[in-house]
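Dropping the structure in here first, questions after.
We just call them A, B and C in the order they show up, numbering each chain from 1.
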Amino acid sequence: MFSPTASSRAAAADGAAKPQRVVSLNLCADELALRLADPGVVKSVTWLAQDPRNANLAEEAAALPANDGHAEEALAYDPDLVLVGPFTDPASIALLRQVGAPVVEVGAPQTLDGVRRQIRDLAAALGEPRRGEALIANMEARLARVAVDPSRSRLKAVVLRPNGFTVGPGSLVDEILTRAGLDNLAARLDIAADEQVPLEVVALLGADLLILDRDGSAAPSLADAALDHPAIAALARRMTVTSLPARLWTCGGPEIAEAVERLAAAATAARARPATQ
Amino acid sequence: MSARAQGVEVGYAPLVAALAALTLVAALASLTVGYARLDVAAALADAFAGRSTVAALVFEQIRLPRAALGAMVGFSLGLAGAALQGLLRNPLADPGVIGVSGGAAFGAVAVFYSGLAGVFALAMPLGGVAGAIVAALLLYGLAGRGAGTMTLILAGVTINSFAGALTALALNLSPNPYAAYEIMFWLMGSLADRSLPQLWLAAPLTVVGWALLLSSAPALDALSLGEDTAASLGFDLGRLRAQLVAGAALAVGAAVAVTGAIGFVGLVAPHLLRPFVGHRPGRLLLVSGLAGAIVLLAADVAVRLIPVHPELKLGVATALIGAPLLYGLIDRMRKEA
Amino acid sequence: MRIAARGLVVRFGARAALAGLDCNLVSGELVGLVGPNGAGKSTLLRVLAGLQRPDAGEARYDGRSAAELGRAALARRVAYLAQSGLSHWPLRVDHVVALGRLPHRRPFSPPSAADCAAIEAALAAAEVEALRARPIGTLSGGERARALLARALAVEADMLLADEPVASLDPLHQLRAMTLLRAVVRKGAGVVAVLHDLTLATRFCDRLIVLAEGRIVADGPPAALTDAVLAEAYGVVAVRGERDGEPFVVPWRAAPRRDGS
């Protein structure tokens, strides 16, 4: 049975002292924690953070022991802060709370405002408020550099993810697209936030820019193979296609700036392309 | 015996012609039904004129393979079902029920997720064929020589359970995190967004399978009277078994590798058509194939018309019809025994 | 056709079903194959029909082995009627009988005039014409046996090997079937029938082959079925008689055992 040591309980209650043993059970929390905390403070991250295809700080994460998101794994480090997320097993979260471990939940922000708020909240929990502000400032600067001429009409874009999923209205990607000067055509379809869209619908939308969520991963899966459909190759001859790996926007961290930069560059390339029928 | 056994036998040639026409109608329906409004006539005109419009693209690359595969896979499943029923002398033998489709799914999964299919494209349907052969051999070993219905069903349950577990294991072991969620495709099947390359990949093996199965018609007729009588009528039983196992494995294995395991078509199609051919297993083969194509195309149209997101898996639709039918068949056989 | 079998041995595990057996069969004879249960009658018939390969010895058809003759030719010239009269599917009687023409038909070609004639003749001979459209599963046991016999007759083979063709028939149809087999023989074919009814065997057969424990105990005209043979092969004592010049043999009681008990 876990017995919080006097020091860790005191630290959690106090809030003034910085946590010294942080365990993260969620990919997005992994990445933010690695960015914000001192080296050596984060004791363990999830195995997902170590996969370079799906994570942004794979190298740093690989140096740490990996966990599977279970409560017992976190408790083994006698943590003074445990970070969980929307996909952490609720039973694990409940168990951690029950034994009195300090738990902070990280969300999945769907707006840029939400992203800023998330960074600030987590920075506060880690006792690094100034680092949080610096991260946000850096992100804002990069976003500002992406100049979008409001007078030009917005390019029509559609996002295609593995298994034929797209991104609907009201999501973070939607906002990223808008920031990059693009019009998310999928938002016009009568679908919820993230849904599967049949390929023929994507083809007939008449987009200028097709954004593929892929990065040439090695291990095969049907989901990725769905993006190999000859129709997509044929579409690529008629419109600009760019790839945008999901890791840049799934977590709503500062890496979304890179996503916006890439999209803006693709939009410029699309505009430069001679018109096809 | 029931009145159904008296049959409503009709002429063979008219029956085949009618079924072929119905298959064409079903294929046309499949081409015109979809999620986006497509002017099919315009798309066809564009395609023939060589104009590469988006409409022609959607028609050629998305709708056409879906319809063609629906017909091809449906024919394979109907034909294989009729052939297996003739071989095992049991109306319940369906590639899904007896485990051949499950074995094929595992074979295809093992080849695909190990990366072999990336090296050599034909490896995937061949993997499906290999899995189907192993399952068929296992089944024949348990239930081959005129074993009763119960043994047959139990053997099928065993093989399906094992193949399903191996498939799930292979998917979980795959390095790609999406893989574990793809089991629904493999176990329930789908025709959504299949491509022309997949059609060309599966077609040659499938056609060879068809030839092996269809040519066994006289032997299956003779087998109605038992193995000894069939042998005395000049048929080589060992060769017949090999021919049927190979043919079913080729047709079903290649199909499953492209569409996943779609069950019950090989049960429903022969069952519907049997009275029309006087229960003769030889004549049942071709008409059962055509009926299978019609059934699968119709199911695929239904799946696209039902407003459910994400799209209902084809195997769900066929199981909703086929499983109650299976129940009814078993119940009837139990009562007649 | 002449079938010559030499030194036939068939073993099932440790047991020898046929223990070194010679026999000659020729068209134009109605041969009754008799003997107690387990004597090897069905096994012998199956070997002669080419369905079972003997562990030793061989059967030759007009001097040629089964392999030399070829599967198709053997099927056309030797017809086999299995003991268990089943049809796995509810086929119509005329379709069942038509199966007998398979050895003569080219695959996927329609039946020829000769095929149709043979089918009609077989239906008539077995007296199942009236049943032609009935599914075979709806027939009584005796009717089914006659329908299956018609199937074997439709082959129009030189030699018909029938395993208990009259066992399930009522007395009237037993007599009619045996008369039919005599007619088949008169037309030139040969018939070998496994029979349990000793009176039918002695009245209708030209020759009897008595089997016991995988060996031939007697082979000759019906008179060869002596009391000694009956005792040795069957272990029974029979009552004999005669009516209108035809013999009857009725098993009456168990024979006394050799040790006197």
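One rule holds for everything that comes next: a contact is a pair of C-beta atoms (placed from the backbone, for glycine too) under 8 Å apart; a residue touches a chain by one contact, two chains touch by 3 or more.
These numbers come from a predicted model, not from an experiment.
Enquirer: When you draw the chains as points and link the ones that touch, which shape shows up: line, ring, star, complete, or other?
Expert: The chain contacts form an open line.
Enquirer: Work out per-chain C-alpha centres and flag the one nearest the whole-protein C-alpha centre.
Expert: If we average C-alpha coordinates per chain, B lands closest to the whole-structure average.
Enquirer: I'd like the Å distance between the centres of chain A and chain B, where a centre is the mean of that chain's Cα atoms.
Expert: The separation of the two C-alpha centroids amounts to 42 Å.
Enquirer: Where the centres are mean C-alpha positions, what is the separation of chain A from chain C, in Å?
Expert: 83
Enquirer: Please compute the C-alpha centroid of chain B, do the same for chain C, then give the distance between them in whole Å.
Expert: The separation of the two C-alpha centroids amounts to 43 Å.
Enquirer: Across the complex, what residues on chain B touch chain A?
Expert: Of all residues in chain B, those touching chain A are 34-38, 52-55, 57-58, 61-63, 112-113, 115, 117-118, 174-179, 181-182, 185, 192-193, 195-197, 309-311.
Enquirer: Inside the complex, what are the residues of chain B that reach chain C?
Expert: Its residues touching chain C are 1, 5-7, 89, 215, 217-218, 221-226, 228-229, 231-236, 278-281.
Enquirer: Hey, which residues of chain A end up touching chain B in the complex?
Expert: 48, 51, 54, 162-164, 191, 195-196, 198-201, 203-204, 206, 217-224, 226, 229-231, 234-235, 238, 277
Enquirer: Write out the stretch or stretches of chain C touching chain B in their complex.
Expert: Residues 46, 49-51, 71-72, 74-76, 78-82, 84, 86-92, 95-96, 99-100, 102-103, 105, 107-108, 135, 137-138, 148, 151, 155 of chain C touch chain B in their complex.
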